[in-house]
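Next come two complexes, and both contain chain A; in the first it sits with chain B, in the second with chain C.
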Partner chain A sequence: MKQLLALLLVVNLAAALTVDEVLDRVRAVTNANDRQATATMTITDKGNRVQTRTLRTVMKGDDKLMMTFKSPADLRGVTFLTTSAENMWIYLPAQSRVRRISGSAVDQGFGGSDFSFREISNLSFADNSATQPAESIDLDGKPAWLLTVKDKDGASSRIWVEQARSLPLRVEKLGADGKAKKRIEFGDFVNRGESWIPVEITIHDLSRGSRTEMKLDSLKLNTGVKDNYFTESNMKKGA
Partner chain B sequence: MTLAATLLALLVGTAGFGGDVMTRAHLRTAALDSAALSWFETRAKLDFEPDLGDMVSARLGIEFRLDPFPQISSVGQLGEVARFEPVTALLGETYLRVHNPLPGLTLTAGRQLVHWGTADAINPTDNWNPPDYSDPLTWDARRPSWMLHVDYSPVAALGLELAAKPLFESALSVPDRWLHVDYLPSEAVLREGLVQQFLGYGVDSATARLLAGTYTINIAEDYRLPANRLKEMTYGGRAKTHFSVFDLSASMVRGYDFLPTAQPEIVTDTATKTMNFTLHEHYARRTIIGADAAANVAGVGLWAEAAWSSGDEGQGAGDGEDKISVIGGFDYTLAGFYLNAQYLHGRFPLALAQTSAEPAEDFVLAALERKFFSDRLLLRAGGAVDLRHGSLAFLPVVRWFPADAVELDLTGALFTGKVGSAFAALDANDEVCLGARYRF
Partner chain C sequence: MNNYSPNGGYRAGLLGRCGAQVARRPLLFLAGALVVTLALAPFILRLRAEADVSKMLPEGDPSLRVMALVDSEFGGSDEVAVVVECRDVFSPATLHALDSLSAAFAALPGMAEVQGLTTLQDVRGQGDDVIISKVIDSVPSDPARLAALRSDVLADSRYRGTLVSADGTAALLLARLVPGGDKAKTVAAVEQVAREHAGAGRISLSGSPALMKFVRDWMTSDMLKLLPVVMLVLVLTLLLTFRTWYGVLLPLGAVLIALVWTLGLVGLFRQPITIVMVVLPPVLVSVGSAYGIHVVERWEHERRLGRDPRSAVEVAVGNTGLPVFLAMATTAVGFGSNFLMKIASIRAFSVFSVVGIAFSFVLALTFVPAVLALVRRDVKNRPDEAEHGRRRNRWCADWGGWVWRHRGAVLLAGAALILLALAAALRVRTETDFVRYFKPGSQPTRAARIVNERFGGMMQFEFVVEGDIVDPDALARMARFQVGLESIPHVTKVYSIVNVLQTTNRAFNGGAPEFERLPESRDATAQYLLLLSFSGSEFLSRFVTSDYRVARITARFDRQESREIAVAAERIRSLMAASFAGSAVKAGVGGMPMAVLALHQNIQSSQLGSVITALVAVFLLVAVVFRSPRLGFASLLPILFTLAAAFGVMGAAGLRVDVVTAMLGSIAVGIGIDYSCHLIARRREEQAAGFAGEELARRTLGSVGPAIIVNALAVGLGFSVLISSSLSIIQQFGLLVAATMLYSSVGALALLAAALSGRDKPRRQS
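== the complex of A and B ==
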């Protein structure tokens, strides 16, 4: 009886939440002041050709991110820096130059993967919002919220959030026709202090038939990374 | 050789190790029956980066260039192996870098590349590393220079750079085999000049030729590199910032042109019947003030870069003239097509062989590219148009990536334009090029 009451309470609370309130919960449980990790990207194209990339990533808050490719050889040392949705740069070691990534290029593949520059820099849903009530659904036998959101550029996404821990499970990026173009799945969450971090993220490009799995390793949280770490000068050193 | 091999093995064993090997052959296609290889090189770059911890990094770069054209001019040289496949060893980037001795400060000493400017490929504000025109298709390549470089970002939105280069290094020129330029006049040309001079004095043609024939003609070249005195070194600084969606920087460099200014001197002595021709060549010292900006506006990448340079007076004719170079452009991606276009007011590297009295200084550079088959195939159509004379350089590329770190290239180089235009000197240099690159 108590369990039933608790379940009813959860359902009532869930029904009462708006999309923004759910997103706030997601940000609260997945947030960290800063995080550092080694990432392995495995890209599988439509013809099942597999390519692997390794990277070092340093992130602060929702918007500051530096990622440096360690392999393969043709990408080694290439460093991506973003300090906001509008400000992204790439360091090309062969030319010893830093280039601003132009507006339209932010939707191009990051290092040949299915993640665009925009997606890799906004895995924390920083600029997603909506005020309508969150829809409560069942996802693989677990209660979940289904959120339909828009980012500041007007692009729509659907986000599935596990209700018990407020963890994001799946995101679908929608095209202008309302059909899903890309699907991102978050898995294997590890708990560090008050933060839950997904160490496996898989993105499927549904139109190209390809997918990219990103696994994080050597994860460190809250090491005191300073704001002026995210500079052009440090891009040459790499993350 | 054993020592070199041991050293190489030690470096590979103890350091981060990477590099690339590229090879490319140019087939000049002026006519099918006379088609010939005009450029064929294999280049191997090796970079060693020992792990010295978080505060210090270092690099030792070595580049080998193999020219497969035998340099043999007599039977007696057939025993000289080095003439069969001449190999040149060059020192690449070789430096020691200290990170964050103060927060946000990076110090680099050694042979390095420093890049300034936001424009694509041609940067009027970038005056540190000498251009390397030795590969005709990569005219934006640069050689590293011995420098001290300081980069300081006290806060994320502000960066300051200071650099000093004690040694002057000239641009590396296009190989003579690919483009032959007569820098000095021949004796016949100078003697014909004497004939014209005598005709001007009212002497008849036969007598003028007879008189000119009696003259001894001496041809000399007076080539001067800048002195490597401390007060004549290259130095400069740059401040950069970004706010909103804009990157801005302003810079100053006190340095030299990378290509020499030529000034002919002719002294005719009627008493001794000698004509002395001397071509004085020197590198003009300049002060270059520059600024650049880049931005994102409505999904379009925009950039502009300008440099005003003032040559020191008293070095030679024309050196004191002020020059302005400006480049502005945009790039945009739509439906998978990447478009990049720029307007340049200034000199374009592939047009440096132009001999016209009115050098081309206004160009449009543009490229359109698209990737196919999961980014395994790149098609690119690019080129430059000399707006003043209407001549054109067209450089299409087909690049295939059969595996990670492997590229296979099929490139074209087509030049057209009337006499005196920017690309007229390259009109006979239409080529098809096959290349491969492997990075490791």
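== the complex of A and C ==
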């Protein structure tokens, strides 16, 4: 009887949470000041052609991200840097030059993958606001929240959040017709200190029929990466 | 088979026994026809129209392999070209309208992508910035920015004459369709959107999916509109001839039932109604009705001689059965010879026309006599309308006598005409340009002309290059190949990943024109491609696969005539061989021009073969059935005359052999031989009755002549209805077949009659 009451209490509490409260919990458990990892990106196009790329990623907060290609050989040393949504640079070793990339069409995809630069850098779901109340559902046998949110550009997403640990399990980016265009699945969460980080992320581009899997190795959190790490000279050192 | 006896007496053969069975159990045969009709009719609802040129090509055609690669690797190449004509493309209202049109098209189901001034992405260099954005990111409103935009866009060869006309008064939107989707449905939706945006300017649609949809719509409406008119013409002709209800309704009813059966089978086997198959109903109605006409004519004849309806049926089927069978078999051989053509739709026409003709034959010898056996009404035999006394028979008998007396002159005149016609026939050329399907001045023809003249061409060559595309040598070869392509007349707007890399190199180097060249190293190429991924993988996927193993080069062609394509294709092939010789990469060519050319070559290579096959088969059939090689050769004479006249007129009138008129030769053989068969059979009958010389000629033409003339009139007038078709290709076909009926009947009633006059001793029945 006590267990039943406890369960009812949990359910009642769960039902009472707003979307913002759920997202706050997600941010709280996935938060880290900085992250470093080696990412292996496996891109499978609609024709089942597979390409594998490895990158060194260094990230601070939601804005600062530097990614350096380690393989394949012809991309080794190519480095991307972003310090805000508007500021993106690329270093091409073959040209020995850093160039700022700008324009409205930027951030459609990253390195031929299904990830956009923003999707790689922003796991905290910042700038999202609720359009509907959080819905309590069952996802693969786990109690989960289903959140329907809009970002600042007005694009809608559905986010499934595991209730027990407040971890994001799945995100669907919706098109104007309300149908899912992209699906991102987070898996294999590892615990570092107070943070839970997914080391396997798979993104499916449902309209193109392609998918990209990203696996993180050598994950380090909160190592004290300085702001001045994200500079042009460090981009060139990536080579 | 039967042996003929004088004046309607006969000895029953297989067909005679068939006649006896029909006469005995008419209701059984009528019930059988009803059951088959009810079983096959529902499948007519499955019929669907198809006008895709590429689907006419034989499997394994090299251009199809390239097209399949373009479909699977690059999202297809079927583009609807939407032309927007206006006063000024660079006015805010037009630019907004173009943007709105592009967005509306892009949102349609079955639409893969829309390219236009307001959607196309560009990579530019400006100082230390590489700018990846749309060509027109937002529509400017102030005059200075608009003027700058006009100046920038019209100065850029990538956009001038590609997406906007050089004078800025027309814009082009290229709406690419998803491969394998319902193209006609998507084009219909594009038309609807265009109608809703009529304020943007004068909007017209071109490009192969749009043209194919127009062909599909127009041929479907033609079929529904013209078939009743063909039947009306047939009814009127039959009414004038027989002046009885059964004389009108029975041949028509039989052929309509045959048509239901045939179209039911077409639906059952899920064969599409193509531009070629659309002529099947009029062909079948016109040709198949002849079998019933001969049976009714003979039945009337026997009734006038005093036979009761049932025994008249027996004799009519027994005596007309053989010539009708022979007419059917030779027509089937003529139509069947089209199976030798490598074009899928012509092959389908060949199969179903043979099936339809066989059905018409079966119904003429079962359904028609079964109803006649039930007719109780007397056939009037007025004294002035006795067999050879009837006016039309008398005229024909007089004609037969004249031909007999002037046979040498008739044959000489025939030979001279054949030679004259053959000389003109040498000028006939094949042309498979599908814009010629439409009438001059029609919307599709006008739109195609605009796209050809102002946007570099409606059709696009597609090249696929397979190998290590990032390799500098491969890219350099592609670049050289593209330069060579641009030097070929009428090849315009050559574009590939080479151009994209050249532009990116320039952009990465501050926009300096001297850097508009390929990167020098493999690494630089790979790194630029990575940079370009920022503008979305869709952008690159139009030019190269994600593993950089297959690249695509596109080149527009500003002509649509297959002869022009043939000249360009030959140069392209040599250039391709020279450009990629000794390289690890290999290249292939496809696209709509190559599909049109493949049709052209398939028609050219197989048309003569199919006509010769038809001629040989007809000769063998006639020689075997009549046990006379001489008659076999004689029967070819009117056909040769018909063929020479048909192609001679085409040559003199400057008409081209296209995918429909390609069948004219074998159809002329198939239809034309009927008259020869009837004439030879009747002549045999009269010979067996002991007639010879001028009397034999008079009796032969006097009896069979009217039926031949009525049939030629019925078929000729029936086909002439096609002249009112909305499609030029069908109009020409109708006109040519109608004229062919005239040549065939003249060939039989003059040339064959004269040729047979040489040896006309009486053949007494053994």
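Note that the second predicted complex is superposed on the first by the 232 of 239 C-alpha atoms of A that agree within 3 Å, B and C clash if a C-alpha of one lies under 4 Å from a C-alpha of the other, contacts with A are read in each partner's own complex, and residues count from 1 in each chain.
Please note the rule applied: a residue touches a chain if its C-beta (ideal position, glycine included) is under 8 Å from a C-beta of that chain, and two chains touch if they have at least 3 such contacts.
What you are looking at is a predicted structure, and each value in this text was computed from that prediction instead of being measured.
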Exercise. Will chain C clash with chain B on chain A after the two structures are superposed, or do they fit?
Worked result: clash
Exercise. Looking at the overlay, what does A:226 touch: chain B (first), chain C (second), both, or neither?
Worked result: first
Exercise. Once the shared chain is lined up, is A:90 touching chain B (first), chain C (second), both, or neither of them?
Worked result: second
Exercise. Is A:78 in contact with chain B, with chain C, with both, or with neither (first, second, both, neither)?
Worked result: second
Exercise. Does chain B (first) or chain C (second) touch A:237, or do both, or does neither?
Worked result: first
For this session: For A:100, select first, second, both or neither according to whether it touches chain B, chain C, the two together, or no partner.
Result: both
Exercise. After the overlay on chain A, which stretch of chain C ends up in the same space as chain B: 472-480, 616-624 or 724-732?
Worked result: 472-480
Exercise. Once the two structures are fitted together, what part of chain A is touched by chain B and by chain C alike?
Worked result: 45, 47, 49, 51, 72, 74, 95, 97-105, 107-109, 112, 208, 210
For this session: Going by the contact rule at the top, pick out the chain C residues touching chain A in the complex.
Result: 72-73, 107, 121, 128-134, 137, 470, 508-509, 519, 521-531, 533-540, 545-547, 549
Problem set entry | chain B-facing residues of chain A, complex | 45-47, 49, 51, 72-74, 76, 83, 86-87, 95-105, 107-109, 112, 208, 210, 226-228, 230-234, 236-237
Problem set entry | Contact footprint of chain A on chain B as seen in their complex | 18, 20, 57, 97, 99, 103-104, 106, 112-115, 118, 151-156, 159, 240, 242, 244-245, 247, 294-303, 330-334, 338, 374-375, 404-405, 439-440
For this session: Over in the complex, which chain A residues touch chain C? Could you list them?
Result: 43, 45, 47, 49, 51, 69, 72, 74-75, 78, 88, 90, 92-95, 97-114, 117, 176, 208, 210
